[in-house]
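Chain IDs A, B, C and D follow the sequence of writing; residue 1 opens each chain.
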Amino acid sequence: MGKNQINVALLGLGRIGQMHAENLINHKSFKLKYTFDISKKLAKNISSKFNTIDIGNPEKAFKDKNIDLKKVVFCEKPLDLNIDKVNKCSKEIKKYKPKIQLGFNRRYDPGHSSIKQELRKGKIGKLEKIIITSRDPAPPSLNYLKVSGGIFKDMMIHDFDLLRFYLEKDEIENIFTTASNISDKRFDKIKDYELASCLLKSKQGVQCIITNSRHCSFGYDQRVELFGSKGMLISGNKSENETEIFTKNNTSQKKPLLNFFIDRYVDAYRLQLDELALYSRKKKSPISSFEDGRRALIIANAASQSLKQRKQIKIKF
Amino acid sequence: MGKNQINVALLGLGRIGQMHAENLINHKSFKLKYTFDISKKLAKNISSKFNTIDIGNPEKAFKDKNIDLKKVVFCEKPLDLNIDKVNKCSKEIKKYKPKIQLGFNRRYDPGHSSIKQELRKGKIGKLEKIIITSRDPAPPSLNYLKVSGGIFKDMMIHDFDLLRFYLEKDEIENIFTTASNISDKRFDKIKDYELASCLLKSKQGVQCIITNSRHCSFGYDQRVELFGSKGMLISGNKSENETEIFTKNNTSQKKPLLNFFIDRYVDAYRLQLDELALYSRKKKSPISSFEDGRRALIIANAASQSLKQRKQIKIKF
Amino acid sequence: MGKNQINVALLGLGRIGQMHAENLINHKSFKLKYTFDISKKLAKNISSKFNTIDIGNPEKAFKDKNIDLKKVVFCEKPLDLNIDKVNKCSKEIKKYKPKIQLGFNRRYDPGHSSIKQELRKGKIGKLEKIIITSRDPAPPSLNYLKVSGGIFKDMMIHDFDLLRFYLEKDEIENIFTTASNISDKRFDKIKDYELASCLLKSKQGVQCIITNSRHCSFGYDQRVELFGSKGMLISGNKSENETEIFTKNNTSQKKPLLNFFIDRYVDAYRLQLDELALYSRKKKSPISSFEDGRRALIIANAASQSLKQRKQIKIKF
Amino acid sequence: MGKNQINVALLGLGRIGQMHAENLINHKSFKLKYTFDISKKLAKNISSKFNTIDIGNPEKAFKDKNIDLKKVVFCEKPLDLNIDKVNKCSKEIKKYKPKIQLGFNRRYDPGHSSIKQELRKGKIGKLEKIIITSRDPAPPSLNYLKVSGGIFKDMMIHDFDLLRFYLEKDEIENIFTTASNISDKRFDKIKDYELASCLLKSKQGVQCIITNSRHCSFGYDQRVELFGSKGMLISGNKSENETEIFTKNNTSQKKPLLNFFIDRYVDAYRLQLDELALYSRKKKSPISSFEDGRRALIIANAASQSLKQRKQIKIKF
């Protein structure tokens, strides 16, 4: 440990940023050298927490918000809430042949990626349906929700990407969306939704269903079902432990699901950093790219459009 | 046994009719007295199989296709493939205050109806989503498919009814549909679909998802998921037996699912006849009525319309 | 139905006898013609319940308690609580080449017998361990318990037989037993046990474990585990239905187990009668014989002996 | 990190020792300062693997094999294969009031310890049975087996301790053992066993069953079942991931179990070190003590004795 570590500068120290900070510190291949956040308070907090971090002068290093594109960049999704900005950025950086790994963590989950391997091996024949259930244990704060970009760009974007992960070259062709608020009427005020469902179709006719909820009493519900001409693959939830209780009125009562992404996707985040290290050392291309982020955002925009127009929207990448 | 049995005339001796014949013969409360089928061959076959059945002269008894409405009528769905005929019939028979029990068998399934009881008891708070998976083990013959009315009227009609069973007074408001053929291209020729998915919304905003397939390699896949503000209820599949195999490469391998409706819904068919006996004896109203059949058919028509117009269709009952 | 039915006389109308009466009446191949019970009250009750039964004069037919051995006999286990009487009977009837099917119902259970087929097919290689869990939902009445013969002859005898069912030609060689009363001290008074466990070994070295309890808060717990050099087979419990509840504190909560043998083993009792019909028509030998009953009783006696002597007892058949 | 770390000297660098070395290095609270092994080759290997370890002069520090008992000692079980040596040591060190944490890792497993909490809360009423299944994926090398002390001292000792973990003050009173070799006859040559089963009883009458195998085709089988007057608790196996495969002939096929202790008990080993850190800082007493190791060894000796004498052996601590 220590020798040949990759120096990292971390920009952004929000909820996810702090998790990345911790993961980077604990990862053998990385040395977290710089951190930066627009909020000086956050930067200060984080610096007191991790006393080995040398908060340097990242503003200088990344002036004009331009990243030195000789570096490998790890970028949390979404790239931006505005697709025009993303497209403009995409054009501008093209000449640099940028090295960017995108933070779609679910692609790295051992369960979710295991069923992709089985699919590729032909275990279920031709893929015909993808059904993704994705429910957060509880909604974020109203303050966060107001600037989140809405359920499609903030939450379902992960599921759009996961569909594309399984579909590979068979791209999403169209989408229809429905959404509503039933239990938590605060969402009405900010013109957002706690509940949303989508029906998408790929060019080859694969029918894709996504069902999202901003709350879930029994934990972080994260399931994928791949249905094919010769079988079905399921990637299920993870629980606190593997115990069961049998009593007078019930049997096989299991423990609550792991509560949220930091616990549920702990392996995925680790494997993501493993890949980043390999990418930095030019040994592997990332399975989650800038273009994956751009396309997921385009689908999210089409989702909003479908909701307004109450009809199927054709996707144009 | 024998005393006070209810005499039954059975009209129609196709696949389902023959199953009803057998169930009626084995049920303590009924005496299958007459059977009839347009196809004389079917009538002959059935009469040789069940030698206690006295094939009388049902044509006379039910002339002009009018049912003597002092009798209790058990009617398999759909009432007719043409909603206009159904509506006309509905008006005509109104004055007779007809006693009709409809054959939506899934309402009687112990699992599916058990989660409705839990829902009513408030176990999962407010209902927010209903997700129904319904896949047949193999498609029927092409000859049958040609006259079936298509996947929405022939197959998904059961799922539309099951949604209404859980929604109770909160009626379905709109529907969006997608469909495709991937593995079995014969469906293209008859302008029907092997795969279909729907997204429906109730007046209260409950989001409903139905996913259908005319084939399913691992058996008859019949699942219901009710998601609410305080929990989730699942009614799952039934297997041949409760055994598991553990070997070098796999663990907890279970037996195939019960293959089709006669096995999977054996209890439901029995409970349906139990209710028919009670209804005949004026002790209970049926949980599946003529109007339920009419409404399911209206939703099925809207499903076809949505598919053509690629947009959400508002339901008008 | 009706033609070629097999006439049956049923002797004994206790709890199990009444169940057999009902099963025989509902089975197509049988006509329950005579019933008899030492208790006239029981005979009267049963005759009023099943008004088609002609209670004849069975005493005459079966005088001197000798069964006319040209007939096929179905006999509930145990043959008798006293092994000497059983052995004597065995010798006496030998010359008649008796046709006796024994009522070890578990051998006919689709799950339990399915894993025997897998074992025979070599799915788990060489058999090394058999682990049987058998727990009744609640103890019978104290009056019954007093004359039951004790937990080994009355309850565990089924498990001894089930071991022999899987072991086939590899006979049980020795047994060690432990027993105790913890929650229900009434068992102490009648010198019987609510809890017992056994460790048996076959001639080939297969280690067998049986764990019994006279109570089980979550229902009728009936499990078999076969462990072999290449895998494991499990035959599990059956529940009321296949539903699951997910709430704030628990996930995948299932329904209680089917409560007792009449429900749990309904298929087994039917298949047992199917075999009896085939046996009567000379088409099949029964998988459960007089000798199986005798040997299970010998093991039960050795179990009691082991408990007293606190050591392993060698079995002599 | 870095400040206030606890300096550790690690003695013994075999299979388990190397795992502890790695765990200590990755643990925030510890600094692995010295390692030692009788085999200089092992010491050299380890020193090249972990280049931050300063292999000092531990022989001096621990001369005469006496541990400076002002230190906190973490000791893998068994303390020694010879109970007389253990007893002698126990007496000698008594005056030092030694601080020793024993390495019974299963006590720290989140699943196994979770059901102990439920038991304590009274979830299943009075404890009546404990059933432990413990099977290794494959036997160790014959060389290791020859010096292992046999299946009871080397393998089942963990299960004896786990029984005592659940029984708490209700100590084991007697034991009966059976053992055999079926598939792997090499065990005969070294007078050891690949398969063993035990039946133990506690002072309060709790019946305990342990079933061990040195091989298990489907992975590391580690299950605990606690049966009580009001319910049952199960701590089950852990799989590679939470995926399921459904195909033509099988449903719900799951992934193999985590293969062996380093993976299966990764959390337990971490929690064990967490406790060691707290113990070193005088904030907590360990849940696994020197005396626990001594008693488990006494039960293991009784197990061998029972096997030879074919009878129940009374335990004397």
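Here, a residue touches a chain if its C-beta (ideal position, glycine included) is under 8 Å from a C-beta of that chain, and two chains touch if they have at least 3 such contacts.
Model, not experiment: these values are computed from the prediction.
Asks: Would you kindly count the fewest steps from chain A to chain C, each step being a jump to a chain that touches the current one?
Replies: Between chain A and chain C, the shortest chain-hopping route counts 1.
Asks: Check C-D against B-C and say which one is joined by more contacting C-beta pairs.
Replies: Between B-C and C-D, contacts are more numerous in C-D.
Asks: Where the centre means the average of the CA atoms, what chain is farthest from chain A?
Replies: C
Asks: Please tell me the distance, in whole Å, between the geometric centres of chain B and chain C computed from their C-alpha atoms.
Replies: Averaging C-alpha atoms per chain gives centres 40 Å apart.
Asks: With centres defined as the mean C-alpha position, give me the chain B-chain D separation in Å.
Replies: Inter-chain centre distance comes to 56 Å.
Asks: Can you pull out the residues of chain A that are in contact with at least two other chains?
Replies: Answer for chain A, listing residues that touch two or more other chains: 124, 217-218, 230-232, 237, 245-248, 255.
Asks: For chain A, which residues count as touching chain B in their complex?
Replies: So the residues of chain A touching chain B come out as 124-126, 128-129, 131, 135, 174, 176, 178-183, 195-199, 201, 204-207, 209, 211, 213, 215, 217-218, 221, 227, 229-232, 309-312.
Asks: With touch defined as at the start, can you tell me which chain C residues reach chain B in the complex?
Replies: 1-2, 52, 110-111, 114-115, 118, 123-124, 230-238, 240-248, 255
Asks: In the complex, go through chain C and note every residue touching chain A.
Replies: Listed in rising order, the residues of chain C that touch chain A are 217-219, 237, 239, 245-257.
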